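Have a look at these structures, which come just after this line.
Here come two complexes built around chain A, the first alongside chain B, the second alongside chain C.
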Partner chain A sequence: MKRKVMINLIGILLAFILGAVVMLIQRKDPLLAYASLFEYSLGKKFVYTLNKSVPLVLTGLSATVAFASGPVNLGQPGQLLIGALFATIGGLYLKLPAVLMIPVLLLLAMIGGALWSGIAALCKHFFRMSEFITTLMLNMIADFFTLWAISYPLFEKDANHPQTPPISPTGWMPEWGNLSSSVLVMVLVFAIIGWVMNRTTAGYEWRISGQNSLFSRLGGVNVNKNYLVVMLLTGALAGLAGGLVLMAGPHRFIKDMGANYAWDGVMIAMVANSGVFLTLIFGLFFAVLQTGATGMQLTALVPRELIQVLQAVIVLIVVAGRGYFETLFARLEARRKMKGLAK
Partner chain B sequence: MGDIITMTQIVKIFPPSLVALDQVSVNFREGEIHAIVGENGAGKSTLMKILYGMQPADSGEILIKGKPARFSDPGEAISSGIGMVHQEILLIPEYTIWQNVVLGIEPIKFPNHLDVKKAREFVRAKINEFHFNLDPDAKVADISVAARQKVEILKLLFRNVSVLIMDEPTSVLTPQEIPQLFTELKRLRDNGHTILFISHHLDEVLELSDRITVLRKGKWVGTLDAAKATKAGLAQMMVGREVIFESLRQPQEPGETVFEIEHLGYTDADKRMRLQEINLKVQAGEIVGIAGVEGNGQLELVNAIMGLVEPQTGCIRSSGVDITRLPILDKRRKVAFVSQDRANMGACIPAKITENVIMTHHRLGKRFTRAAGSVLDYRQAVAFTGEVRQMFDVQMTSGEAPFKSLSGGNQQKVILGRELMLEAPFILLDQPTRGLDVGSIEYVHRQIIAMRMNRRGMLLISADLEELFRLSDRLLVMHRGRIVANLRTEATNITEIGYLMLEGKAYEA
Partner chain C sequence: MKIIIGLINGMLTSATPILLAALGGSVTYYAGIFNIAMEGMMLSGAFFAALGSYYYHSWVVGIFFAILGALAMALIFILFAVVLKMDEFITGIGLNLLSLGLTTYLVRQIDIPVTGIVPIPRIHFPGLEQVPVLGEILSGHNLVVYLTLFAVISIHYLVFKTRYGLRLRASGYNRTCLDTSGVSANRIRISSLLLCGILCGLAGAFLSLGVVEGFTQGMSAGKGWISLAAVILVSGSPVGIALISLIFGFTDGLGLFLQQDLPPQFTAMVPYIATLVALFVYSMRMKKKLIA
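Then we have the complex of A and B:
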């Protein structure tokens, strides 16, 4: 356990050192840059960091649950967009009080995401197509389908940019100061997912199937049913992320609203190595980096794109280092034993 | 006879802390057959791999003909005259025997051609020299496993190897093929070759070798002359205590039929008929053994019973219920299953021990779940792991440790515990002692006998005839997807079963 924490910390530290080298080459001050990064994201803009972490953590959880259980669902970007589109349609045409409107729209977003991952699950069931491929392809379709939807049928009259009219204000996520209530939803979902994965029969079966499907099947686990449930659940999580982005943010579907959240979520799941708690931690950490990027740009004049480099380097070093450090520690222990024998 | 190889104080540690060899010293004399025996994990193969340059030793010294040597790869070992034949045979099936033998050191004809005539003549001469009875033009794909093994030996002899290391050479052979191998190995010895022979079959060791070295848990226990060794004495040296070899069964009247297969037939996706007209019956308190050379339908039979493949014809009944096409979970109410493949079918290696112990129980027993089966009661799971640990004498630190941290024998105890605790009336045992050491085998056998006393019916598939004879009430022989014999264990013998396994029919004088 201690070792795992150390491997993650070493990875992050190395990534920061590499980032500093890049900045030095460009004749920027890395200490100032990092100081302003953390000052901004953990200081006066901490609330924005929390808001930003919502889609990162939710898509991260989606990928984590999928990877831990077996299905390689890489369709979070598409599922997020379809989820947001479903919430948009609900928000445009339903007339409900906020107490009902918000849950209904969130549910719609989840249904949209689940529908999109469900298509991939059906392709697997009937045609044995790998979800690894179909979810990626469905991302493209979702991209252009939503673009079409906001450019034609849902297009806001006279707008000079593909976007829909704003959804009904009863569907806006309430804010306390600047803190969005979507953070509350995120914490709740995190708790539920952690409980499902670690305490329920289904979560137990998913995790074991993810590591050894044949063993679970022989043990009486209905592997096919679990596959479908996991695909739908992870699609719903990504869809929920999309709904919250819409309802907490621009309150209308605008082009490129999904940004890079879902791909960042996949990266977060990869560094978190199927751990639900680590997904939350890395989701928050990536949000710190992304929010702090603005501060870094303002104060140290370091372009915010550097943060994307930093993120990628963290993923590479932590994931690659995991295997390397394990063998390193094992070798050290063997050497210690060797000395013990010599005595 | 002088020492050809001396290994002194060899230490090998597998990271992080597995001491595979702990200061092992042993010498091999020129022109002897030297057997290295020990349980699984005793370090036999590791010692030989170090000698052969496949693995580096952490410390220690190797002298070959008095000169220090340390090979960093097998190629160096071969050029110094040491060759190894592995358990799995590494030949190119599409090539003929002579092509396989000369591969890598082909005789070349001007300007740069393979000299086919010369190569074939060389190989033929070697075959005749050692009386190997092989056709150099036969394709490797078409010859028996025993013949392939000979080709492997031939390959090494062709490279002028004088020390041959054989890693469990008999494990791939049928009982009928073993004497021939032994004759050939003895002939090689009489020609001045030195043979190092890894085995855990004590009968073979006593028959073949001149000297025997016993390893136990990575330590050297002793080296003795075969003429002075006894089976019981060796077994005791290997395990550190006395092991009993006689049949374990007490006479017992079998009860009602608990498991039955009728007219079962299965043809695979490539349209090959894997199972034909399988009929068998297992009664309560009875162990029915299935003998057969591997690959004669045993795997398909197991898969059909467990529901991994769907047979085209016939039916499988357990306690009178047709389970042929039931979902696996429903089958598991009636069938406990110990697989030969611990890593893929028997357990989830990276998961916790507790998570492995409750598999299947978590669906069939109400004890482990609350809220109508949806929430796991982990406290009960931990308690259950403790019970299995006690009842089956599992050596482990905690149920939270990963399953892979257990030794092979303890892994099998956990699996056995899980399956036997299911209390299904029928138990399918597919090579339940495969890859286990003598002590663990003994333990597993006792548990199986205890289940027989407990009136369970068992089907035991095994490649180990000794095991089958020791445990089974009846023996079936499988050959090319059929059951060709059904004999009472008392009314048959190893030679007869061996013949049936090979020929598929009874011996006719």
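Then we have the complex of A and C:
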């Protein structure tokens, strides 16, 4: 356990050093940049970090559950957009009190996301089309479809950019101070997913199917049914992320709303090695980076886009380091034991 | 008649970047690498092409820079997937995101005015141009379009007619066998990735110095993924890739043509839907094969 934490930390440290080198080349002060990054995101803007982590953790959980169970669902960006679109439509046309409105909109968002991943799941189920490419193509299609929806049928009159009118205020996520209640939803979903994956028969079956599909089929697991369930569930998670982004943030569907979270979920799942708890940790960590990016830009004049590079480098180094250091540690241990035997 | 000529020319223009990247993917496919990094290599190539062309006022330097930029991505892929033996899929995704982040970061840092960019020239064949219909179709394309035709033939020759090609395919079929016969499979894999980098760089240069002038954030827009689908659909065959890329290119051109009747967002979806349809046809064919 300790070793695993070490490996992750070494990888992150290496990525930060690489980032520092880039800053030095551009004649910026890396220490000041990193200090302001963490000061901003963990200090005065900590609440925003928590709010920001909601879509990251949820799309991360979506990818994590998918990868751990086998299906290569790379469609989180598209599912997020369709989920947000469904919530928008509900928010524009339904008139309900907040107690009912919020659950209904969240449910709609989940249905939207599940519908979009369901298309890919059915393509695989009936036609054996690999979900890996279909979800990617559906991402692009969702991108253009939502852009059309907010440019024509749902377009707000006299707006300069493609966007919808604001949804009914009863559908806005309540806030305490600046902390959005969407964080509460995230914690709840995390607890449920953690429980399902680690404490139920279904979760066990999914994980075993992910590790060895043939073995689980021989053991009597209905692999096809599980595939469909996992695809729908992961789509619903990404859709929920989209609904929460909309209801906690701009309260209307604006152009490029999901672009920032597009691939982060997949990255978080990869760097978390498809573990539910690590997904939460890395989701929060990425939120710290992304929120802190603004502070870094303000104080150290390092452009915030550097964080995007840093995230990708962290993923590459941590995942590669995991394999590399594990063999290294194993070799060192073997050598130590050899010495013990020689004595 | 004009419409048909326009459609064919649009088809060639849209097919070119997909085809070039897919040829790169084909080489790594034969080498037995699950390479999904074409998108990232292409994007990096597109940025550096614009950069080189702007700073040195020359499209030759632009192409050179594009190839270097894509090769840098290929080298990172080699470092992680071949040297450190990391999962190829994760490496590919990480690399694509790195390329997206890096080019976005750089394009906000370095201002590249469109007016200063020297595009890759179009080639006109004086004699051919006089022929009524044929001249309009065959002449006057971007230099890269003709290079692509050449690339299809040479990659086909390289893979199937040379000793290197034999080793390349052997690396994909059975690595251990190749290793035991005294040829390093890793060396073959590395060289195939470098070749893929060069081809993707050229594809990127065509995007930012051919189709349009200038680099925009994320301008590869899934073309690398479509090229991956093309590679999978025809199991790597260069000639098959050329045909399927032309089909994808045709649907893209068709999308532009349909813009009179449909909103632009729908016509922009056409290539991605075409990819799904192609996958569907492919899986139907495989199903029939399984039954027969």
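FYI, the second predicted complex is superposed on the first by the 342 of 343 C-alpha atoms of A that agree within 3 Å, B and C clash if a C-alpha of one lies under 4 Å from a C-alpha of the other, contacts with A are read in each partner's own complex, and residues count from 1 in each chain.
Throughout what follows, a residue touches a chain if its C-beta (ideal position, glycine included) is under 8 Å from a C-beta of that chain, and two chains touch if they have at least 3 such contacts.
None of these values were measured; they are calculated from a predicted model.
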Clash-or-fit label for the pair chain B, chain C on chain A: fit
First, second, both or neither for A:Val99, with chain B first and chain C second: neither
Touched partner set for A:Ile25, first chain B, second chain C, both or neither: neither
Which of chain B and chain C A:Arg207 touches, first, second, both or neither: first
Residue contacts on chain A - larger count, chain B or chain C: C
Touching partner for A:Tyr324 - first (chain B), second (chain C), both, neither: second
First, second, both or neither for A:Ala334, with chain B first and chain C second: first
Which of chain B and chain C A:Val313 touches, first, second, both or neither: second
Three-chain overlay, closest Cα atoms of chain B and chain C, distance in Å: 5
Residues of chain A defined as touching chain B within the complex: 199-205, 207-208, 211-212, 214-222, 327, 329-331, 333-334, 337-338, 341-342
Residues on chain C engaged by chain A in the complex (per definition of touch): 76, 80, 84-87, 89-91, 93-95, 97-98, 100-102, 104-105, 108-109, 221-222, 225, 228-229, 232, 263, 265-266, 268-269, 272-273, 275-276, 279-280, 283-284, 286-287
Residue ranges of chain A in contact with chain C within the complex: 26, 72, 74, 123, 127-130, 133-134, 136-141, 144-145, 147-148, 151-152, 263, 266-267, 270, 303, 305-306, 308-313, 315-316, 319-320, 323-324
Parts of chain B lying in touch with chain A, wherever the complex brings them together: 11, 13-17, 19, 22-23, 58-59, 306, 308, 327-329, 331-332, 337, 339, 344-351, 355, 358-360, 362-364, 369, 373-376, 378
